[in-house]
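Each structure below appears as structure tokens.
Both of the next two complexes hold subunit A, though its partner changes from subunit B to subunit C.
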Partner chain A sequence: MSAAATAQGPAQSPRGTTFTAATLLVPILLINAIGFMLPVANLAVISVSEIRSSGAMTGGWSIAKWTTVATDPFYWELLANTVRTSLIVTILTLIVSYPIALCLHRMNGAWKSILLVLVISPLLLSSVVRTYGWIAILSDRGLVNSALAALGAQEPFRLMFNLTGVMIGLTEILMPYMILALLAGFGRLDPRVEEAAATLGAPPYRVFWRVVLPLSLPGVALGSLLTFVLAISSFITPKLLGGGRVFLLATEVYDQAIVTLDWPLAATLSIIVLVVFGLALAVYTRILRQIG
Partner chain B sequence: MDERPISRILIWLASASFLFLLAPVLIVIPLSFSGDVFMSFPPSSWSLRWYASIGQHPKMIDAFFFSLKLAGAVTVVNLLIAVPAAYALVRLAPPGAATLMSVLTAPLLLPTIVLALAMLIVAARAGLLATPQGLFLAHLVVTLPYALRIISTALATVPIAVEEAAATLGATPLTVFRRVTLPLIIPGLVAAGALSFLVSFDEVVLSLFMSGPRLSTLPVEMYHHVESRADPLVAAISVLLVLFTLFIVIVVDRSLGLARTFVK
Partner chain C sequence: MPAEDHVSPVTKHNADETAAPDRFLSLQALTKRYGDTAAVDAVDLDVRKGEFLAMLGPSGCGKTTTLRMIAGLVPTTAGQIVVDGRDLTNVPPYQRDMGLVFQSYALFPHMSVAANVAFGLEMRGMAKADIRARVAEALQLVRLTGYEDRRPGQLSGGQQQRVALARALVIRPLILLLDEPLSNLDAKLREEMRNEIRDIQRRLGTTALFVTHDQDEALTMADRVVVMNKGRIEQTGTPEDLYERPRTAFVAAFVGRTNRFPGTGAGEVVHVGGVTMRCARPVSGPVEVMIRPHRIHLDGSGERRADDNHASGTIIRTTYAGNVVQYDVQAGDTVFNVEQSTDATGALVSVGTAVTLSWSVANTLVFEAAP
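Up next is the complex of A and B:
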């Protein structure tokens, strides 16, 4: 801060300002370099490093992990499974989030603020807590199965330790992101346009289908991108609600890194996560150009 | 009023979705008063035994206090680093400020699992695994972008004319910052601080990769507990955490409005 005192002022030279700015930015740049740039660059290096069967690095290079991943059908299925699950979760999240976002967009005043806080507040709770809540709802002795048993069901429905549970949990976990993205994209939605369509005789479903939905597409695209990307990389919920029986890219990264200690393989898989991420971004940009 | 009345169907759909969104948090509250040994809902009897049993889990209590200290340290250091950085980027606007801003907020874009693995590998080599320093650095990396963005937004809304007036009257730049700018961005600082604290306190993916049996945070301990056994203990802890989070949210909301922090 003392640098700011000596150099900054209305009458100073631009070079002095730049120097002060650089000084003030040193700590954050250091943290970024050490804690972010270096580890991520290292990750790419690790994925092509050679390891002994003991797990120790030899210092040599090897594309063994990439060939394993490319030739073993397990990893192809893992990838397909991850993309499919994330796509389904994205669509489900969109369906349950859209009405809330549209409602919030049309509301005013105190109620809007209260409901907005309710939408945001789950984000401030650990996903462990929310996933735990889903276990209480979906397990064999949980809320849903207790209710079904009271209605006369003989056997509990398996809603957990399978893909169904993972998708239900992820949908709810990702809802706040989708709602906030939809709200951000609803800016173009002018109530007067809807009114005009209604006045001209369009029935409500038609106003929605022909006016509201098309105008909200940018928000839908943004929210879907965000949800999809978060879905492919999330692993707390798949781990806990999948009970080790659901295999996705992110859970496999964790298992390889923490359980098997095969870092090159974990690094390879995580780079594949990044590639899927990049592809999703490319698709989004393309869709946005078409809508836009 | 140029608002269209909200149709009844929309209200029903939105209410159902809201129930879905809040269901896992709501169900934890009655579950925490369960008298059963295992998790079942609805509980067959009611008691406070799971609240009492928190005291018999020293690992949870240690983890809670460590999480608290970690989040506190992260928040303070975060603000000390982010405020000068935001000031440099917004007020001094060096060449390439926009690029720098995107570089510095890039950790938010990277999928957490990728970042966590990257950090694990580097930290293991540096001997920082399961150490307070390692977790501190990891949390700093993910909370700094939030703080930087919020404080930059706050700074950008302070009219430069006010600062220039003070400078014209002879105040040194440091005095201008301390007496004029800083008081005006207090709401932004509160928001940035609270968000950093909560992000650090709730962070589980990075912490899971960076912690070990010797040292872990509360969310990590809770994760391991849920993974290995199904009992209402985590429900009791969760209710306390919800109250704790609610407290922070109310404090922040009182001082500036939570909604404004997130939705511009």
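Up next is the complex of A and C:
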């Protein structure tokens, strides 16, 4: 390559690259604007709209819903309950998914592909169907309680229509997402590094705590973020397995919008969910910077 | 200096197998089988204390598997690994006290240089102050003082390899195991690290086992070299033994460059494609003849003895490589590769020139041809 060409190359390419990148971004920006930004702005508008008791909008403005949400302890409890439930579900999902992901990460060849497909296959079924599956397992005369009864249990355990059922169902339903995110984040795990730790005198459990776990933290963070966000926004599973006795933000949004027809309140709660997402993302970014 | 308290500072240079069989590391019929194929096939090997031993061979010859069995990372199929009189065959890797340096460095990417080096000492439950002192010592040994707080990712390849070396040495290992430690470095750095590893090993008197596929590395660094092929040891000896007195055709061809001709033995002489030459020992039937290119002289060059082998031929190619010139010489049906060191005053012999080649009988190596 001539000197002139090398000098020209870098001067020209950034401009071209920027232009190409911008062009490639246009479709997704359009979709995002129409499908996300606009509706969110619309939600904000609805949340400060005035309504009659019938649910019809008057065309006037009111911050009544915001003050209600801010002052009524019910909503604070609802928020706390939602965040706590989602956090517990996230931790449970992480605990049951981590060994599976680690095992998959270490496998090779055909078995890895087969098991990976098995892990992802639940996603082929809608979560409605899977939730009904859990009802069959967890109900008073379901699989678990029948088995316990056969073993001599007097009373059936209440495993559904309460928070326990919701958490069991959500944990299983969110596992594939967690496993995939963990696998994506396990890139820094190197068997040679684990071997190095072993030859330096670390027994297996110390290799895990000092090397495997720290190196897998990016995957743990990514999986936890994804699972937390999905748990907070999940609606069908809490609705069906909660049996109307479990109150979470997502189910409340549904009730207000569809049953009570209080759209401004539903919009207000939706925006609060969005704020929680934003906070979760901020925490994730911070954690990632610390472990990176 | 690490390792001085349990390793004798005496380094043995010339390996003489008959004198004082000091078996610090002893492999006895060590075997590793994967299914039907034996990666390592009944290898017997004794290593002296303080010795620097290289295991040389092509990829897949079993040298790395042998090393990994010694480290305890690969379970043995059969045989024994005995170190200092203690049978380590079934001891887990974390109780073996081996210092392993990997080709890929395998540093802990999430820890600082100091934490990497301190890891092995921490695992041994050493006091913080002692760890600090030993880490400083080890980093000084590999000339990385001042890099304590860097992360491995911020270091060059050579620096990372030196951290790996410090990390392996700081625990004062029974044996320092090096698995192709220089393969990922560029040529210049490789030469530098060769000397550095050798110097440190000599200074500490640590017994070291060095796995490599690079014959230069093996010859220049090791007290003794083990040449492996297809899971078996072909020959064990000093670098000079292997180069000058190869026991098999494989060793002759693998260690150093060589002309390799098929021939027919007829007592004291061998017929090679139209050229008849005398060889060091009587042979008969199909043989392989090997002559090192730089041991063949063109016309007047080198000393000439009456009983040297001769061949007349024509130069068909000249390759200038700076320190040497390589000539391809057609003699009869055979093309000899001849190598001569260059000289500022010497002129290259041009293609087409008729020349007489000569080489000594001692340099005419013959081996029974493989069936």
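In the analysis below, the second predicted complex is superposed on the first by the 254 of 292 C-alpha atoms of A that agree within 3 Å, B and C clash if a C-alpha of one lies under 4 Å from a C-alpha of the other, contacts with A are read in each partner's own complex, and residues count from 1 in each chain.
One rule holds for everything that comes next: contacts are C-beta pairs under 8 Å (C-beta built on N, C-alpha and C of every residue); 3 or more make two chains touch, one makes a residue touch a chain.
Note that the coordinates shown come from a computational prediction; the quantities given were computed from them, not determined experimentally.
Peer 1: Is A:T71 touching anything from subunit B or subunit C once the two structures are fitted on A? First, second, both or neither.
Peer 2: After superposing on A, A:T71 lies clear of both subunit B and subunit C.
Peer 1: In the superposed model, which partner reaches more residues of subunit A, subunit B or subunit C?
Peer 2: B
Peer 1: Return first, second, both or neither, reflecting whether A:V253 touches subunit B, subunit C, both chains, or no partner chain.
Peer 2: The first partner, subunit B, only.
Peer 1: After superposition on the shared chain, which partner residues are touched by A:R192: those of subunit B (first), subunit C (second), both, or neither?
Peer 2: After superposing on A, A:R192 lies in contact with both subunit B and subunit C.
Peer 1: What is the contact status of A:R106 with respect to subunit B (first) and subunit C (second): first, second, both, or neither?
Peer 2: first
Peer 1: Check whether A:P203 is in contact with subunit B, with subunit C, with both or with neither, and answer first, second, both or neither.
Peer 2: In the superposition, A:P203 contacts subunit C only.
Peer 1: I'd like to know which partner A:Q154 touches here: subunit B for first, subunit C for second, both or neither.
Peer 2: A:Q154 sits against neither subunit B nor subunit C.
Peer 1: Considering only the touch criterion stated at the top, classify A:P214 as touching first (subunit B), second (subunit C), both, or neither.
Peer 2: The second partner, subunit C, only.
Peer 1: Shared contact residues on subunit A, subunit B side and subunit C side combined as an intersection?
Peer 2: Shared contact residues on subunit A: 192, 195, 198.
Peer 1: Taking the touch rule as given, give the residues of subunit A at its contact with subunit C in the complex, in rising order.
Peer 2: 188, 190, 192-193, 195-203, 206, 210-211, 214-215, 291
Peer 1: In the complex of these two chains, what residues of subunit C are touching subunit A?
Peer 2: The contact residues of subunit C facing subunit A are 71-73, 92-100, 102, 104, 106-110, 119-120, 123-124, 164, 167-168, 171.
Peer 1: Which subunit B residues qualify as touching subunit A in the complex?
Peer 2: 2-4, 6-7, 10-11, 13-14, 16-18, 20-28, 31, 38-42, 81-82, 84-85, 87-89, 91-95, 97, 100, 103-104, 106-107, 110-115, 117-122, 137-138, 140-141, 144, 148, 164, 167-168, 172-174, 177, 198, 202, 204-205, 208-209, 219, 222-223, 226-227, 230, 234-235, 238, 241-242, 245-246, 248-249, 253, 257-259, 262-263
Peer 1: Which residues, counting only subunit A, touch subunit B once they are in their complex?
Peer 2: 1-2, 4-5, 7-10, 17-18, 20-22, 24-25, 27-29, 31-32, 34-36, 38-40, 42-43, 46, 96-97, 99-100, 102-103, 106-108, 113, 115-122, 124-137, 139, 141-143, 146, 169, 172, 175-176, 180, 183-184, 191-192, 194-195, 198, 204, 229-230, 232-236, 239-240, 250, 253-254, 257-258, 263, 266-267, 270-271, 273-274, 277
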